[in-house]
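Next up: the structures, one after another.
Both of the next two complexes hold subunit A, though its partner changes from subunit B to subunit C.
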Partner chain A sequence: MNLYVYTLRRLLYIIPVLLGVCAIVFFLFSVVSPDPTLIMLGKHASVQQMEELRRELGLDRPWFIQYLDIVKSAFTFDFGRSWSTKQEISTMIKQGAIPSLTLSLPAFVISFVISITVSLMVAFYRGKFLDKIAVFGCVSMMSISSLAYILFGQWFFGYKLGWFEISGYDYGFPDFIPYVLLPILIWVILGLGPEVRFYRTVLLDEIYQDYVRTARAKGLGEHVILFKHVLKNALIPIITNLIISIPFLILGALLLESFFSIPGLGAMTLNAVNASDFPVIKAMTILTSVAYIIFSVITDICYTLVDPRVRLR
Partner chain B sequence: MSEEKLLEIRNLQVQFNTDRGAVTAVKGVDLDVYRGKTLGIVGESGSGKSVTALSIMRLIPDPPGKIIEGHIKFKGENLLDISLSDMRKIRGNKIAMIFQEPMTSLNPVFTVGNQIMEVLDLHQSHLSKKQKIAKCIESLDLVGIPAPEKRIKEYPHQLSGGMRQRVMIAMALACEPDILIADEPTTALDVTIQAQILELMNSLKEKMGMGIIFITHDLGVVAEMCDEVAVMYCGKIIEESDVFTIFKHPMHPYTKGLMESIPSFDSTGIEAKSRLKTIEGMVPSLFDLPKGCNFQDRCSEVTDECRGIKGPPVLEDLVAGHKAACFNPLK
Partner chain C sequence: MAAVEQQSKSLWQHAMGTLFRDKMAVVSIIIILFYVIMAALSATGIIVADWTEEVGPSYGPPSMDNWFGLDMFGRSVLAKTIKGTEVAMSVGLIASLLSLVIGVTLGAIAGYFGGRVDEFIVWFYTTFTSIPNIMLLVAITFISGKGLKAVILALGLTGWVGLCRLIRGEVMRHKDREYVHAASAIGAGNYRKLVRHILPNVTHIMIINFSLQFQIAIKSEVILSYLGLGVQGRPSWGIMIDDAKLELARGVWWQLAAATFAMAIVVLAFNILGDSLRDALDPKLKGK
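After this line comes the complex of A and B, so read on.
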């Protein structure tokens, strides 16, 4: 079977998975959750007012029509209007995506480049002083709450040194840059501990394999062994880890965006949760799921490119 | 055949630092390898035979391992003194090694051709790409792999265990080394494949005139393969001689025990009816070796002498060319 057929098949798998996601979303928002009319109108609403609102929101229709609505939105990305701002949700998402991506994309790339570089170095000097220091550093950095980094960063770099903006956002290049620098820095630092530890483990797992001993017995140098033999074998877990975290980039960073008042998708989602703005929460849930499914298919396809043992079935 | 000495190991001592303290895995091993001859190193797991082999390649994982004493002279040059980059020029080129695990010893994500080419790129860089590919195919052909020009594009998982070991041998022999170290090369293979691989190694030895160090725990294989045999126990050589003498007349009770634990056949080819003998007891822990002879607790010939009054027995010529380290050698 060739790569195209394989890809097509993997893409077709998306459909049943997506229907399942919609079923879960429907169940969570329409069956389990409290009556939205009560949330919107408060305790003292009359029955007539509630009936009217139900009709307006389309909640009086049969359940399978409501389910089909969700399914439709997953394919068309038309999520209706927000309950609190009355805006088109697709417009809100388009607006929020720009600040989110200007923060998360560079942070993601920088974070990966730094942590893979550090991990390769640490793997090269495994068991030596540098390795021990790095592991100690990683664990220490992971042990500190992310809030501490945000608050310290804002106080020290923003307030004391005055290097960065700590609140707000400007659309357009390059105006946004001063606003995203500090959150990017904090994102990178937050990710460094767990990522270096993960990549280090993956690389060391490979370094003690028999084929590495063979490579040494051939007379290869340690650099070739690490960058050719070990790295290519370690690529599978690295790719998985990397690609599967991309879908979460569209969500932005919930905490960072709200602490730095960046009007991105993360902040939008957080506001929607606070305001019980069901359509927005639903939209973000579906959007993240769709992205997740698509990127896991991409991961599968990447496997076949990296590892000859993965069969195209 | 000329008696050119390729390798001389004297007083090799290898130590490993563990959580429970330092342990000496190899304690003063002397060995010689000659061109066109096969030296067998026999012993149980943990007897130090693999560590000895890895020491020659300087592939002891460091830390925790370290060669603390001795010299390993290859054609007169002490391998323990040369720089690591000079050592790399010898590995895979002058001295090559094959391992026990053919299933995992090849890199799964590179083609067979790519992995053999790597050796040629390293050690025969003067050749053109075309010549290298030709050599690569030739070496696969030499080890009896059918349709080598197709195989070079295949990945290790597409080959059987025996084929993979053949690829390992092809890779080791690509640069026509002076010495081939084979660390239990057939242990993981089934018996028919084992016989094929052994036969292959013997014919290649003749053809290329190299010296082979053959490590095994299987005395049956030793009889088929080796010219000289060294038996190791707890990091020391306890008996050494040519293969005929040692099989005919083992002097150390341990060697005799090993031989008696091979199933035997009588002259008519029927398996002997008597129960297969085993060596009683266990190999002592390297952390807790007895005083005197390491084999005393399992030995049938043990006397007070063995228990440490005189210290451990020394490996010496008991008959010309037949060495044993035993106070009460078998007559």
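After this line comes the complex of A and C, so read on.
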């Protein structure tokens, strides 16, 4: 099979997956979920009130129309209005995207640079004391609840030492910086454990390959081997991992945003969860899923372009 | 002189031998057993049955009488932490068993039967992984009503995908091996070939995955508690950590510290045990 056919097939596969995502969202929020009118009106609502609200929200229409609505929204990104703020959801998303990105983009880049540096160091000293300490450190760091990091970080650096803003946000270029510094720091620390562990495994996978032995046999130094040979080959899984984590940047850091009162998409989603605002939850679920599906296709296609050994089946 | 009988070790004996020679693994097992015993004792009411009792002033700091201090209602944080093992252990155990059953069943069916069935299951889990985990967790807890059952259900229903994928791949590789052909030659049906012959050969994947899933479930309980979707009316580590968001500003750090510490130790133990199990059971991965 050649690359074009493969790409086309991979692109066509988006359709059943997207329909499936819509089906799961529909099933969760329209079939098995508790009656939203009951949540919105409270216990003492009359039957008539509930009927009216159902009509207003379009919940009285046949199920396949409701399902088609969800499918349509996945393509048009027109998600209707929020139940709690009555705002257009696409406008809410546009507003929330900027604060989210000011936090998640720098955090993503800094976190990657630091993790890859540490893992290169660890891979260089593999099997030695430093490596063992680093591996144990990673596992220990991963064992602590992420909520504990956020709470402690906010209290210690923000409140006790007063180095950073405790919470809040300002729109506009230099103004937002003081507010995102601490969340970024916590993000980087949270990511360090799992990322170093993953990159170390990837690097070590390459280090024990035959071509490395050949390189060593022909007298190359360890530095040249690590940076020119190993890193180049290890880049494929590393970049794959990077691309596939981009969609999750949309949700930003749910917890970080809500703790530091950054009015981004993550905080918006959590507010929607607290307010049982189904349209917003559905919209964010679909949006992230669509992004994930698209980026996984991109990764797959890149993979076959970069690595000819990947057999196209 | 009696002849020395040299019996060769089975795969499992060999694995157990490797595991028990690994000091870190043994320590991890002891820690996990300790937590399990604590959870069992507290569930049966033998210890900390009186955790609701007021033993001192509100937010009393750690002292000789109360090592981990007191909470808002003057209850012992130590007693609450021990009571919290109950929730953590039951969430970890039942949720990871649930995802184990789902993952193995779907993975084995997809890998063994192939064709349409396989395509359907692959489509299903591709769809499932496309939805961010946190949204699924929220949706499922939301639907099944707050509480312990909802937390377990949500974590169990979301944790199976990785295992399903692994089992599918392994079963696929095994189904055309000679021993499976031999089994069909003596008249074994699909069910017997799959359950009696192939699955025992992929058990190691299940064990490793179980140990990893256990700690993921314990950690996720905290997030659900923060979202207000956690267990209700009884102490859990998640609720204790969540409570700390109002306490820290008053300098009350002990509830956060106790719950985080209790959780980190057992999660660390499961992490190390998971790695050791992988080394012991999957010799191909040695040294990585």
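Of note:
As a convention for this text, the second predicted complex is superposed on the first by the 300 of 313 C-alpha atoms of A that agree within 3 Å, B and C clash if a C-alpha of one lies under 4 Å from a C-alpha of the other, contacts with A are read in each partner's own complex, and residues count from 1 in each chain.
Going forward, a contact is a pair of C-beta atoms (placed from the backbone, for glycine too) under 8 Å apart; a residue touches a chain by one contact, two chains touch by 3 or more.
Please read these numbers as outputs of a predicted model, since none were measured by experiment.
Superposition of the two structures on subunit A shows subunit C fitting alongside subunit B with no clash.
By the touch criterion defined above, A:I281 lies against subunit C but remains apart from subunit B after alignment on the C-alpha atoms of chain A. By the document's definition of touching, neither partner reaches A:A97: not subunit B, not subunit C.
Rounded to the nearest 10, the angle at the Cα centre of subunit A between the centres of subunit B and subunit C is 70 degrees. Once the two complexes are overlaid on the shared chain, A:V21 sits against subunit C while remaining clear of subunit B. When the two complexes are overlaid on their common chain A, residue A:V306 makes contact with subunit B while staying clear of subunit C. By the touch criterion defined above, A:M121 lies against neither subunit B nor subunit C after alignment on the C-alpha atoms of chain A. Once the two structures are superposed, subunit B and subunit C can be ranked by residues of subunit A touched, with C on top.
Using the contact criterion defined above for the overlaid structures, shared-chain residue A:N233 touches subunit B, although it does not reach subunit C. Of the two partner chains placed around the shared chain by superposition, subunit C is the only one that A:A148 touches, whereas subunit B remains out of contact. Contacts of A:R216 after superposition on the shared chain: subunit B is touched, whereas subunit C is not.
After superposing the two complexes on chain A, the closest approach between C-alpha atoms of subunit B and subunit C comes to 10 Å. On the subunit B side of its complex with subunit A, the touching residues are 57, 59, 63, 85, 88-93, 96-97, 99, 101, 104-111, 118-119, 122-123, 155, 157, 168, 171. Every residue of subunit A that touches subunit B in the complex is listed here, in rising order: 127, 209-211, 213-221, 229, 232-233, 306-309. Residues 16-17, 20-21, 23-25, 28-29, 32-34, 139-140, 142-148, 151-152, 154-155, 159, 201, 204-205, 208, 248, 251, 254-255, 259, 269-270, 273-274, 276, 281, 284-285, 288-289, 292-293, 296 of subunit A are the ones touching subunit C in the complex. Touching subunit A in their complex are the following residues of subunit C: 123-124, 126-132, 134-136, 138-140, 142-143, 145, 215, 219, 222-223, 226-229, 237-238, 241-242, 244-245, 248-249, 253, 256, 260, 263-265, 267-268, 271-272, 275, 287-288.
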